[in-house]
């Protein structure tokens, strides 16, 4: 099986290579726009703990919105389902409606994987943790078995300098009472979490948790209950890909999450977790080569959940 | 295994019985409001063709929005992916936004399982079929192995008499050019499809197609390709439950579709299709007992897709 | 004074002539697109009953939305302020929001001069009149002192054939219970009223009513009370020019109403009513030469209400 | 005439007195909620410079949104019509749509009298003035002939502490590039202007400018051109009363502006300016006694602009 996965990854690399000039690097903040665009990496870690990789799979990149899954996992491990009184679990439709939906639903974000929802999660983490930034980082390091994982302070500062829409969202949530702490403190945590840098290897390792009932493989400790893990996977399946959740469900057929840094991570329950990275994005904000690579993976394995 | 399924269904019936007075029967059209509310039926058909049932599983009821899956399957079998140029595959967010979203997206419904999307499907069927109503009925009969399946003309007439919001949607789509035939003809087909009456047994039998790569079990003919079947399952997973798609993904964890007649049908790829019926609905329009029964099923089987 | 008005009208004609190729004739229905575009007429009737005119002021054209004022005046004369329980008096913001606003405000149109509001007015007229179309026509003829005013049946038929957005609105209103009669009957009256053909002379004559406390000059009969007339003028001032009500308030500074047929009619309380006609429209749907002519009129007279 | 005005004001006071317990004081910020609610004052200043007053007309109160007119007048006097490239002149429809409208119209507020529009005005003032807060205060003092007019720093601080929705708006505008200076600096100016305290006498005196072609009575200097004054009056007429602009146009029939501090100021071009104050508000945020008093005024004078 190990050899099987490796040969599939090798052939995927060859098949996605022709796409390496398609799409554009995210440039809404200057720091992200400086990345070298023609990168591609992929790492698959099986439930048995075997690793398979191609390309720039050990190179660090900005995980951006993928971090929302970590923040959600941590808050769920701390307070359980209580978080879902302050944030929904339903897909959000087009981003165009995000503000009017918040207005209509009295400040309750549709789900924890849109920006507004992740801010509520951050607010709740601030209430639970003494040093939220440090403890968040420790949580991710522990999941990924890598103590070197860091924030990128320049990226966080750049987000803060240009993140007016996010500041609008946070203040709007506060006006409805669904942010309890200081708006600037919440945004600071939110921007830092988004700035975490990890490699495909780190991400595949960390997400194996979600493929394994909430237990870390090779470790008896249950970080999440089975039910909590199912909840997180269901949220990723229906809400993990901006306005392409339906498309990803079809073409890839796995729960997962993407980020504008070009990373995508997905998982097949009971089988494996897999991460890809390539900075050029399609018009909906998802990595061009990553989407194709994951589509090829489930096609070749014949193993989508559908 | 057969005996296993049966004992699980028996225990589910006992566990959902206390909920039999919870929720309210749909009353937006008079014809639906006349149903006897305290019904519960459930039918599971395995990929091997074994049947298991409890309660009122052979009683006919109005399948309502479940019919949208049949219409979509038929149009995909006729024209393939072309339908997705006129209707999206993404979840729609709250129903509140349905009209403004149609406006913003220039008349392209978000997906084929909301009313507007199903109307576009009906419009396309009218262009493909000589006798759309008859051929639609034949398709459903063939899938369910039951030639006695019929429209309920009183229900269709009642929908027509009171369906002003649907008439608004159809005219709005027409104003964008995304309905090509006569509005009244499209609505007539739409209302008739919604009025189809089937039993849990019929629905489980018909939906086995989607659990079996698009081939009818015991039949060599492929009605849908593997890829088309995956698409339909992905659409059901992300869009099948009005504003509870995320909740259903979590609590049940299977692709499926519900209707305001109280029916729900779901499927586990490669394993089984299952249908429940109970007319009392929760505030989001899904059957109270049906939702609970399916949650219990995947919990007891340990077999959600997540 | 009479001579004064006439010389001003003469000079206005010269000043607007250079604009005669600016803008485009409405073409959303084929019948309106056939009009000869380079027309310009203007007619002013003073409170003392003196007439002044230039250009094609006696030529008939499709009054379109100007008719909404007549329908509103008739319903107010019949039932008084009761109409304002079913339709508001506030401006509507951009047309983009019309449907979402109807949804948010539970089927109550913002004002009687947008399409949805005029449909509610038509619905109320049907409940009050035995032969609504005939009686509506008689009312307009009486106001304009012209028994030859007619519907244009081809225009009404063309509106019906292509008016899917209006059909959507009417059905949407009906779904909220704010249309009581048959949707097709309401639309038939609505489309007929819009198709009325009048000249600038007819319109200035008819609108003198609103400049004269609701009494027809040279006639003792009060068709509207002083208060009702004030209400109608206030509604025209704030809602009469689609998305240019504010702009018209500033540049012209009079209550008035425009139509996509190229007509505009305005009035200075206690002084005069004035109508212009020129078919080419600006991007917001108002006549280019008409807007300019009226701006010049109030500038030259030094007589806006502000 | 002077005696005439005075007797009318006296009778108005008697007629509005029974309403003194209707409505509720604004309580969205704690500082405003401390006001004694049963106050009523009214001051009319004629174009000839005669003053007439009743009740608490010399008592200071928080002018709140009335300040938006002063900010607009100052920016127009400095840069002319250029401001209208960054803010529209059309009414905004219901407040519900404010955010979605900003989104749809790419960050251009509908008019300068809604919060978002006034923030753009403040941003432009910051670019024009060395000491914006001081110069703004000087401008108001000059118009009102009263050097003692001051900000209420406690109210400004209270707005800042609780004004999350305004902070959301400002950041949202900034994300579209329609705020050029620091968000906190813009909000600081905005909150200070809103906190200005004036009496009815001050307001009537200051607004006489708008009734007198932009010249201060008894003063040769033109602060605004005739055209600019007309523009301001037109904007007040169509946009000055939140979601009651149409209602105010009808019942009062004058251009004006209200504030949640309970003040209303209106003007009859070429005749007079008039201010009322009473803290209890109707559900739409306008003073109950003030609205009634102004309705009585124009009824008794027979002098609305319609």
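Residue numbering begins at 1 within each chain, and the chains themselves are lettered A, B, C and D in the order written.
Keep this in mind: a contact is a pair of C-beta atoms (placed from the backbone, for glycine too) under 8 Å apart; a residue touches a chain by one contact, two chains touch by 3 or more.
The shown structure was predicted, so the numbers you read here are calculated from the model rather than taken from an experiment.
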item: Those chains which touch subunit B and also touch subunit A; value: none
item: Chain located farthest away, centre of subunit C as origin (C-alpha); value: A
item: Whole-Å separation of chain centres (CA-atom averages), subunit B against subunit D; value: 56
item: Chain centre separation (subunit C, subunit D; CA means) in Å; value: 32
item: Centre distance in Å when subunit A and subunit D are each reduced to the mean of their C-alpha atoms; value: 48
item: Where subunit A touches two or more other chains at once, by residue number; value: 96-97, 100
item: Chain pairs in mutual contact under the definition given at the outset; value: A-B, A-D, B-C, C-D
item: Subunit A residues within the subunit B interface of the complex; value: 88-94, 96-97, 100-101, 104-105, 110-111, 229-231, 233-235, 237-239, 243-247, 249-250, 253, 255, 269, 304-306
item: Partner subunit A, residues of subunit D touching it in the complex; value: 96-97, 99-100, 103, 164-165, 167-172, 174-175, 183
